[in-house]
């Protein structure tokens, strides 16, 4: 099965084309989604089989790599050109196997969920085409054995994200958000682009397996180069995974349909950055600086995003900040040498965050608003949604035995081993997580209904939307324990760090319990503020700390910085164009015009300027010089012309004199 | 008398002719000045023939040609003056201003 | 009376001209056109005679007392005659010439051609001077031939004043030349004779006379006035035949003088060439009358040809020949189109640029032909003008005058500006009238020849170049 | 069979036939034009079929004496560098002609000039003799002048003469350089292939001077900063199909010349200029993108994006690596295809709305989905989205340049970002957001427009997904060019 | 001072003074008369140089031909107002300057021949001239007739009043 893994990205891609070109837009044909869902189901099955094969060690050699020639091109080596092959192929290792399952599963569930959520949308078919296209690109990114192809898919997921965020493009906000998302990630991609160039310059190959071998060979990769490449990739990852300082696009990306947010901006695409860092871990292994940078970026992001989530009222925004924060956890783990921990959290987080988003979608579908202040008390109206979301919240908060407990614990353990200040900060972020997640739950589902009208019309979503929730809830409960069992996950992804990074400072045994206790305290605090149907305390706190609140609500001003950056670049562009049209162009046109005019004045005979009607440059030139020169030679006067001849004669005689 | 005397004479005549051609406003005046230039050339020819190349008569022959050609030019010129006088009623060169660059 | 047989074609042309003059007496004024036909036929007959002299070089080419008949002179004579034929064809379609005076017109034109033919053969300053005078006097009269058009008379009188003045100066120069050498013959000048200030001043004044005829700056001021005033066929004729004939005479003079190392004429002529083409082009830019524009353009073209002259190499000389040939085709073509357009123009100035408005709508073929001529004049491939320029610039680069070549190239860029101004009127402006423009059969024939020349020799110049290479030989000791 | 001659002169034959047709016969004129250009395209496909991709040298060579007395030959041939460009020319011309079927006035003249233009362009890429090269090079000027000047926009006359003078000014220096090369070769020759071996005898000083002469000609065509200012004007004023040709083919002539002549004949001159070249390339990329960002006119924006994209070509060349060269050639092809379709698409909207102002639209994706889809695709291709044609070529350019010029290449990446910025802004303003009811009457693309654009779109995707097809044609030649001892 | 010198100087004075009169005199009729005088002086110079045929030619063609012709035309076209008009244009100063500059050069040339005395009394040259005209210079001689013919044609053409006008 694994040798046909190329089908996994290929089929959705073809299906997206089929849907786009062969299905009718207006007919609300039910086949388009079913075709997509069926394909995704097939992909899931295949992924599960591969996962099974991988976990049972049935694949030899492992990791599996299948490679074909994409094209061959002219390459250089020491000033000599030669024909080099650019491979395209699949590389299935543990991380890929896990990611395949996660992506296909979430995608399948989201597609099913969307049957209900997107029902009746005028661009229903196109939605499915985009989803399939996105999934194909994402899967391509996961399985590719070639960094160039990975980058290609990386960009393609960006485009599908662009298309899906801006799916309801008639509204200005999604249109703007989609552009912002694309541009911000593109900014990060510039770093990745340079990193790719550096990789080629250093290794002369993009094949990941080859790179890994070369990187391990002493002398090939200098620490400086490794740092540069590592930072470049980090740049790309920061863009895609919405890390500080490029996280600004993710909250805005919530303008897209909620299932899309669940799929792209929670479970899969945003994880691509983490995945890429993991895939190129061998480079970071060669550069402690890059590694440290990864860790700190992750940590900063985790903290900042968590604080921002504290004050958000838009349910999807809360989840978006939470996502950013959790991605920061993962990155921090990777930066601390926690390869397994990072990927493990990636996996579990995919399940419960997708669940949270889908649940939020269900809520929004029901009450038609995103604003939590207009919700409240929905638990009675939407018990299934509430139940599943509560499970997810427990999971993300890291309560035993839910999935998040295991992965977060692994991360903290790892970070503790690496740097205890970091550990402290990260633990704080974890506490904040629990706080704001429960704040969300309390505001949404608990207490009184604050908007009776909306509450009255609220209803449980159809089952087509609910059973994906249930399935995800199930996974949120069991996946952590199951995967962590006997080091199953660690064995599966199986990355051996170089000796230097193996910091075996074991965390105290009591640490998990202590953290859990603290988390519980945080939840209790959250209940104290928001769970009692009495917000006076929260309000007074807000009033007292209003500067802090406004900083948080303004996202620490990062949005403003980026806006001013955009404005600045616009100004530069305007200046460049002014320079182009008024300086360079004028220099040539007017310069030419000036020369022409001077020559014409000197040659002395002109009346009517064909020119001044056509060449704009002539108009601005001074006429005074013309008048002056012209008065020297008037027109048509025979004897003045004869004078020239006489002058020539006298010049000749002087010439004779000089001899 | 040396050749220098004759050359001085012809040179002065030449310059007077040039001056006249440059300054006379009347076409016929210009024409007459041009005749002076021709005569200067002829004096040159005759003088050179006499002083430097006494063996032949080429100089005189050329002078004879010049005289004839000058005559032909005068004829055409005067005819043109007549024609243009009929058209424009003037013989002053500055007054010809139909053609301008 | 040595070797008079060498100039039989000239004698024949002259005799035919005299015959036509006499025939005028017997032809009724309304049948004046007959004389034009006879005239161009006569020119073709002479052309055939020259062809004969080329085919039997041993017999009909050689050194006479005052003239040298050699491949180069025959080449230029053919060009002069070709121009004569084409101008006469234009004259057939020109409405403003008095039909009653056809005899005078054609015989004067043929006299002038005779003068030019002798001029290109002449190796004696006296003969040169007399031929020049014959050309000049005929040209004065031809220029003023539209008696009822004051512009024509004015052009003629200006032309005359310049001509008389410069020939007087030239006469003075010849007298000095004679004084220095004791002869008017160019051949057999020895180095001893060519040193002194007397000789040099004489030579320079003689060159001034040439420069006048070839319209080289600063002796070009008569050109636009005379060209604008003259009847268009005469303009076409004057813009080509005297110019190339004079340049041929200068070529011969150079060929004799340069080996004698008299004096660094090259520097002077580099300056003159640069001045001529620059003034011509930059002034042409501001013209609104096509005849004037083409007049300035012809000044500039003379500047280009001078580049070949100053190169002083065989290639440069070939370039002069080649360019002259191509110049005939493109200039006569341009004037023919101008005449055709003006003849059916209702504007205040028939030769104004406005007359060309929308020509492409009225006659695409004519507009296209004009475009070809103009582009050829500008030196855009694949038209013949490019080949000419290419050859000339090639010669300049070869002989180290790279700066001059560069200036020439820059000038040709500038020239595109005003050539394209005509194209602008022809193609971009809407036509004042929609009625198609028709042209007469003879003009059509002349145009066809010119277009064919411009295109064929642009695409396949080899036969022309080959013939130029054989023609660029002269009989000199 | 002299197939290259046929390819080159079939359009001329078509033009002559058109010249003989009466101007009222619109259908026959259009059919003649399409048939002759189409035949030319088919023949160039035949050349592609017969082309030996493993062979780096010239193929299908034709050689005949043209002007023996000046050692000028009529020599044609294609190799991996020129064949793709010939194919591009014939292909794009057919599509441009299809799109030109919408031209309503002065049809005869239009198609006449168009076909002459095509012949000139094909000839430039095939010529193996410098004089022939120059002749074809200049042959493109005049038709372009008329095509812009007659059928162009409001400032067409100025644009036309500016284009003409600018390019001519450049090419006269080229002529001077050609002459210099000729006289310094032994034996004197204009044969481009023979001249490739002459540089061993040439001093660095001479090579530099000659290089500059050629460079003026090429830089103006490319257009390289600061000689690019004719381009926005000419593009904006030209009619759609002509903009397409201008962007897709004409600009390539400059890059082609740089690679074929400057690089091949003047290694020392080229080496001397390599530093300025990389700086110019960087300026072209970043500055071109910035200028494009400031535009409100869609067409002008695309025009400036051409400046930016040709910067990539220069970047690739300046790397002096096989990869960079590959990128440059590939970029020429892909830019031709992508920008060609962009211009066609802008023309579509202009035909309907009579404005190209970005802010005049809004939300058009609802009304004209096909158009929007094609436009999105073209824009994404232009900003270098992987999977579409622009990515691979751009990437190779960077890859090639990066090996020699890390900082410049890295700075140039900013240009990619800026490109994305202005394309996205254009897409947002025109197609997304609330629908502007002013355009309620807008119709989606018709069959003619689809016929002219869809092939380009298909090529965009095809070359993006499977670039092997194009890369294989040029690969061996470029490797050979790099490996030739210099 | 020898007789020869007296003759030369008096002739030269005649030529130059009347030439100055020609170019400066306000009355064109007087100018033309002075022209005749000047030309006659030149004829005298020819005679003193022993060019007897040239002397004859000068007297016949110039003095009695051209000068008289000019006089006729001047009188034909003369207007009373002419006498009150300035006959010299406003660039006379520049012209004078140019002439002075040229004069320096010409003087330099002339002065280089200061030491060249007359080779002796002139021999009669008419026969030689005739032989030359019929010999080497036959073609220019014939050509001159063509020139004169052309001039004649021109004169006829221009002075002929068009009846059909």
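Letters A, B, C, D and E mark the chains as written, and numbering starts fresh at 1 in each.
One rule holds for everything that comes next: contacts are C-beta pairs under 8 Å (C-beta built on N, C-alpha and C of every residue); 3 or more make two chains touch, one makes a residue touch a chain.
Keep in mind it's a predicted model, so treat the numbers as computed, not measured.
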Chain labels contacting chain A and also chain D: C
Chains linked by the largest number of contacting C-beta pairs: B-E
Geometric centre: closest chain by C-alpha means: D
Most distant chain from chain D, judged by the mean position of its C-alpha atoms: E
Per Cα centroids, the chain farthest from chain B: A
Chain centre separation (chain C, chain D; CA means) in Å: 43
Rounded Å distance between chain C and chain E, as computed from the means of their C-alpha atoms: 32
Chain B-chain E separation of Cα centroids, rounded to whole Å: 6
Centre-of-Cα separation between chain E and chain A, whole angstrom: 100
For chain C, residues contacting two or more additional chains: 126, 130, 133, 137, 140-141, 144, 147, 158, 161, 165, 169, 176, 197, 201, 224-225, 283, 287, 417, 424
Residues of chain D touching at least two other chains: 157, 161, 165
For chain E, residues that touch 2 or more chains besides their own: 89, 91, 94-95, 98-99, 102, 105-106, 108-109, 112, 137, 140, 144, 147, 150-151, 154, 157-158
Listing of all chain pairs that touch each other, if any do: A-B, A-C, A-D, A-E, B-C, B-E, C-D, C-E
Of chain D, residues touching chain A in the complex: 157-158, 161-162, 165-166, 225-227, 229, 232, 287, 290-295, 321-323, 325-326, 363, 365-366, 369, 380, 385-387, 391, 395-396, 398-400, 402-403, 406, 409-410, 413-414, 416-418, 420-422, 424-425, 427-428, 431-435, 466-468, 471-472, 474-476, 478-483
Chain B - residues contacting chain C, complex: 10, 14, 17, 21, 27, 30-31, 34, 37-38, 40-42, 44-45, 47-49, 52-53, 56, 58-59, 61-63, 65-66, 69-70, 72-73, 76-77, 80-81, 83-84, 87-88, 93, 96, 98-99, 101
Complex contacts: residues of chain B adjacent to chain E: 1-9, 11-20, 22-26, 28-29, 31-33, 35-36, 39, 42-43, 46-47, 49-52, 54, 56-58, 60-61, 63-65, 67-76, 78-83, 85, 91-92, 94
Interfacial residue positions of chain C with respect to chain E in the complex: 1, 4, 7, 14, 21, 29, 65-67, 98, 100-101, 104, 107-108, 111, 114-115, 118, 124, 126-127, 130-131, 133-134, 137-138, 140-141, 144-145, 147-148, 176, 196-198, 201
Chain D partner contacts - residues on chain A that touch it in the complex: 25, 69-76, 79-83, 148, 151-156, 159, 166, 169-172, 174-176, 178-179, 182-183, 186-187, 190, 193-194, 196-198, 200-201, 569-570, 572-574, 576-578, 580-581, 584-585, 587-589, 592, 614-616
